[in-house]
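Next come the structures, one after another.
Two complexes, one shared chain (chain A), two partners (chain B, chain C).
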Partner chain A sequence: MGDSAYSFSLTTFSRTGKLLQIEYALNAVANGRTSLGICAKDGVVIATDKKLSSTLVDLDQVSKIQKINEGSGFVYSGLGPDYRVLVRKARKSSQSYHLQYREHKPVSQLVKSTASVMQEYTQSGGVRPFGVSLLVAGVDADKSPRLYQVDPSGAYFAWKATAVGKNYINAKNFLEKRYQDDMELEDAIHTALLTLREGFEGEMTKDNIEVGVVSQADGKFRALTPDQIQDYLDETS
Partner chain B sequence: MSRDSNYDHHISIFSPQGRLYQIEYAFKAASQSSGLTAVALRGSNSCAFVTQKKVPDRLMDPSSISHIFQITPKIGCLATGMIADCKAQVQRMRYEAADFQYKYGYSIPVHVLAKRIADIAQVNTQSASMRPLATVSILIGVDDEKGPQVLKIDCAGHYLPFFGTASGSKEQEAVNFLEKKVKDMKDYDVDETVRTAIMCLGSVLGSDFRGSEIEVAMVEGTDGTFTVLKEEEIDLHLNAIADADA
Partner chain C sequence: MSILEYNGAAIIAMTGKNCVGIACDTRLGAQAQTVSCDFRKVFQFNKSFVGLAGLATDVQTMNNLLTFRKNLYELREEREMTPRVLSNLLSNLLYEKRFGPYFIEPVVAGLDENNEPFLSGMDLIGAPVYTDDFVVSGTATGNMYGMCETLYKKDMEVEELFETLSQALLASVDRDALSGWGATVHIVTKDGVISRELKARMD
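So, the complex of A and B:
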C-alpha cells in the first residue's frame, strides 16, 4: 500500500495535536446515508436506507449490508468504494482464520482486525484514511450478541444501539429514549425501522431500505428479503 | 506539507468538509474533456449503447477513433473521458477478463468484471501515488443468471447496475429522457432497445445524425455476443426512427 514515491504519511499531527485527515474523514461519514444498529438480548439488527440517485438504478442488485462470515455482517455510512475494500479484507481474514482454526472467526476478533487495517491507513505512507464508519453485527464465541462501531481512525466500541451518517444525532437520541436492556430481537427490529423512518425523506418502503439480522438462537447473519421487511413494516404502521 | 489546506486539491486526501477534490476534478475531466455523450440501456434480452463519433480532423482515419471496445466476445465497454485513460482502463479490463478465464475456466460475468475494475479504480482514490483515471466506463453483457446487464463504473470506484444510464457532457439530460421510459424498458425487444438509445442521444444533442456520426454496439440473447453495428445497420435504425416519427 502506498508507493515509494510517497513513503511519508499523509495523516500528520497538526500544531494543536489533532489528526485532521481523520476528522475530515469523519465529516465524509457524516455526509453519508444513515445506518443504525441495535443490540437486543437475543440478537442484533442493523439497518440502512438504500436510496440511490435515480430510478434508473437496478436496486435489486445493490446491497450495502454484506455478510462477512456465518456469524457476522457489516453495514456502513460514507464512501461506498472504501467500504468494498474493507468487506473484501474482512472476508479474506475470516477465511484465513477458518483455514487455520477450523472455526468461524468470532465477531470481536473480526472487528479487531478490521479496525487494525483502518488504523494502518491513518499511519502508512501515501494513503488516506477510509471514509467509512462500519457497524458490525454478530454473535460472539461466547454466544453473546454484539454490535460494534468502527470509525475511520480505527477506534471501535461495542454499543447497545447506535447510528452513523446523516442525522445520526437525532437517530441516537431517538434510540436512547427507546432502548431497553431486556429488549428482544423482534422489538429491536421494529425500533430500528421506526428510527429509520424518523429521518427518512419521502416514503419508506421495502425496496428502499435494507435490514440485516443475526439471532442468538442460530448465530447466523442474514439480510432480510424485501418481503420479510414488508411484514415488519406492516407491523409497525 | 499535507497539512496545508491546499494540498487536498492535489492528491486524494480529505478536505475539511470531508470531500475528495481529486475525485471531483476527475469527474469533471471525464465529462468535459471529450465533449461526448454516451447512452446505454437494457431491454428484455439485450443491451445497447451509443455515442457520438467526433473526428476532429478530416485527415484523420475515422476507423481509428472509437470509444467502444470489446473486452471479451460477450462483454463490451463504452468509455467516455480522456481517451488515453479510457484505453488504459480497457487494457486492464481485457487483462482481468482473460486472467479470470485462465484461472477459473469460464468467461467472466459482467458484474464480476465491473466490480474488479471498480475496486482497482478505488485504489487510485486512496493512494497518493496515482491519480484517479478520468474515465467513466459503461459495460454491457448478458449474464447467464441475471440476464442483460448494464453497469457503470466511475472515477470514484463506484459501480452500479442500471436499467438505463448515460455519461459525458449531456449526462443529466439523457438520464432525464431515460427516466421517463424506465417502466417500459424491461419489455423492449432488440430493435426498440437500440432505437431508444439512439433517440435519446438525438434528443439531448438536439440534432439528427447520419450513420457515420454515431457508434452503436449491442449484446443480445442468451449467447450474448457483443457486436458493433456497421454504418449500414445504423442507417437502417435511423430510417426506422424517422419513419416512426413521420
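So, the complex of A and C:
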C-alpha cells in the first residue's frame, strides 16, 4: 500500500502509548452525522440522519445505508469517501466467500474481515486510518440477529443498541432507557426513529433520514423506501 | 498407462433413509505390483466423508489440504462445514489447478445441517455432479456403475444399505486387477458413524 518511498507507517505510538492518528480519526467520526442501530430479538434496524449542507442538494441520489450481501448491511458516521472504499471491499470479500463456499458470508465473518482491513491501514506504509465508524447489521449463520460497531482502529464490538457520530452520548443514554431484551423488530424501528428525532436539528422527514432493516424471518437486508419510512413516522407521532 | 490408474482405487457412496454410506478398497499398487493392503481412501470431516480415488500422492495431499481448510473454517466460523460447502470448496481447490491438475476424482458424502443425505462426485478439475442415489469413482467404475444400478433401491435402512454397498463394491473390485485387497465401509446416520472392515479376496 502506498508509494514504495513510504515503506513506514504514518500511525506511530506517542510516548503515552496512544496512536494519535486513530484518536484523531475517532474525532472525525464524532463530527459526522449521527447513526444508530438496535438489535431486536427477531431482527436488526440501523438508521442515520442524511441532512446535507443545502436545500439544493439532491438527496435521493446518495445513500448512506448500503447492502453488502444478502444478509448484511452497513451504515456509517464520518468520512463518506472512506466509507465507500470499505463498502466496495466488503462486497468483494462477500462474493469471494460465496465463490469458495457457495454460502452467504455470515455477518460475523464480514465484520472480522472488514475490521482486519481497517487495522491494516493503521500499520501499513504511507496510508492513514479510515475516518469512519461502521454499524453493521445482519443475521448470522446460526440465524441470530447481530449488530456490530467497527472503529477506525479495527476494533469491533457487538451491541444490543448503539449510536455513533454527533450527539452519540445523548442517543446512547436514550437507547439505554428504552432498550428491552425482548423487543420486536417493529418496536425497535419505532425506537430508532424516536432516538434519531431526539438530536435532530429541524424537522425529521422521510427524505432526510435513512433506515435499513434485516429480519430474522427471511434473513435479507433491505433499505426502507421513503414511503415505508413515512408509514413508520406516522406511527410514531 | 494413465496417471489416474497408476495406484488403483475403487470408491462407492450411496444414500439411504436418513443415512449415507461410503465404501472404498484398500489396495495401493505401483501398476501391477501391490505395495500395501491398508491404504484407505476415505476420510472423515465431522458428518461428511470425502473419498479420493486416483494418484496416491495427490490423495494424501488433498486430504491434508482439506483438513487444513476445514480446521481454519471451524476456528474462524465457530461452526462445522456442511457437506455442500465442503464439496464446493473441493471443487474450487481443484479448478485452481486447472492447467496442472491434481490427479484425483473425489466423491463427497454426508448429512447436511438438517441431517438430510448429500452426495456429490466430481472430475479432476472440479466439475461437480449432485445425485440422490449413488456416486462412484476409481479404476473399476464400469463394474461399479453396473452393480449399483442393479442393486440400489431408494430409502434403504442402515443394515440393508451396508449390505448393498458392500456387495456392490466387492463384486466390482474382484473383476478389476488394480483395486481390491481389502475394503472399508462407513455408514453415517444422525446418531454417529458405523465403520466396518470387509473380508475381501486378497488378490
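Note that in this section the second predicted complex is superposed on the first by the 237 of 237 C-alpha atoms of A that agree within 3 Å, B and C clash if a C-alpha of one lies under 4 Å from a C-alpha of the other, contacts with A are read in each partner's own complex, and residues count from 1 in each chain.
What we mean here is this: contacts are C-beta pairs under 8 Å (C-beta built on N, C-alpha and C of every residue); 3 or more make two chains touch, one makes a residue touch a chain.
Just so we're clear, the structure is a prediction, and the values are computed from it rather than from any experiment.
S.K.: Where does A:Ser94 make contact in the superposed view: on chain B (first), on chain C (second), on both, or on neither?
M.R.: Neither: A:Ser94 stays clear of chain B and chain C.
S.K.: By the touch definition at the top of the document, which applies to A:Tyr24: first (chain B), second (chain C), both, or neither?
M.R.: The answer is first: A:Tyr24 touches chain B but not chain C.
S.K.: According to the stated criteria, A:Thr162 is in contact with first (chain B), second (chain C), both, or neither; which is it?
M.R.: neither
S.K.: What is the contact status of A:Asp82 with respect to chain B (first) and chain C (second): first, second, both, or neither?
M.R.: first
S.K.: Return first, second, both or neither, reflecting whether A:Tyr6 touches chain B, chain C, both chains, or no partner chain.
M.R.: A:Tyr6: touches chain B, not chain C.
S.K.: Looking at the overlay, does A:Gln109 come into contact with chain B only (first), chain C only (second), both, or neither?
M.R.: second
S.K.: Between chain B (first) and chain C (second), which, if any, makes contact with A:Asn69: first, second, both or neither?
M.R.: A:Asn69: touches no partner chain.
S.K.: Is chain A touched at more residues by chain B or by chain C?
M.R.: Larger number of chain A residues touched: B.
S.K.: In the superposed view, which residues of chain A touch chain B and also chain C?
M.R.: After superposing on chain A, no chain A residue contacts both chain B and chain C.
S.K.: Please output the residues of chain C touching chain A within their complex, sorted ascending.
M.R.: 76-77, 79, 84-85, 88-89, 92
S.K.: Can you tell me which positions in chain B touch chain A when the two form their complex?
M.R.: 2-3, 11-20, 111, 115, 118-119, 121-122, 125-130, 146, 156-158, 160-165, 175, 178-179, 182
S.K.: What residues of chain A sit close enough to touch chain B in their complex?
M.R.: Against chain B, chain A makes touches at 1-3, 5-6, 10-12, 14, 20-21, 24-31, 52, 54-58, 61-62, 79-82, 84-85, 88, 121, 126-131.
S.K.: Write out the stretch or stretches of chain A touching chain C in their complex.
M.R.: On the chain A side, the touching residues are 99-103, 106, 108-109, 112, 141-142.
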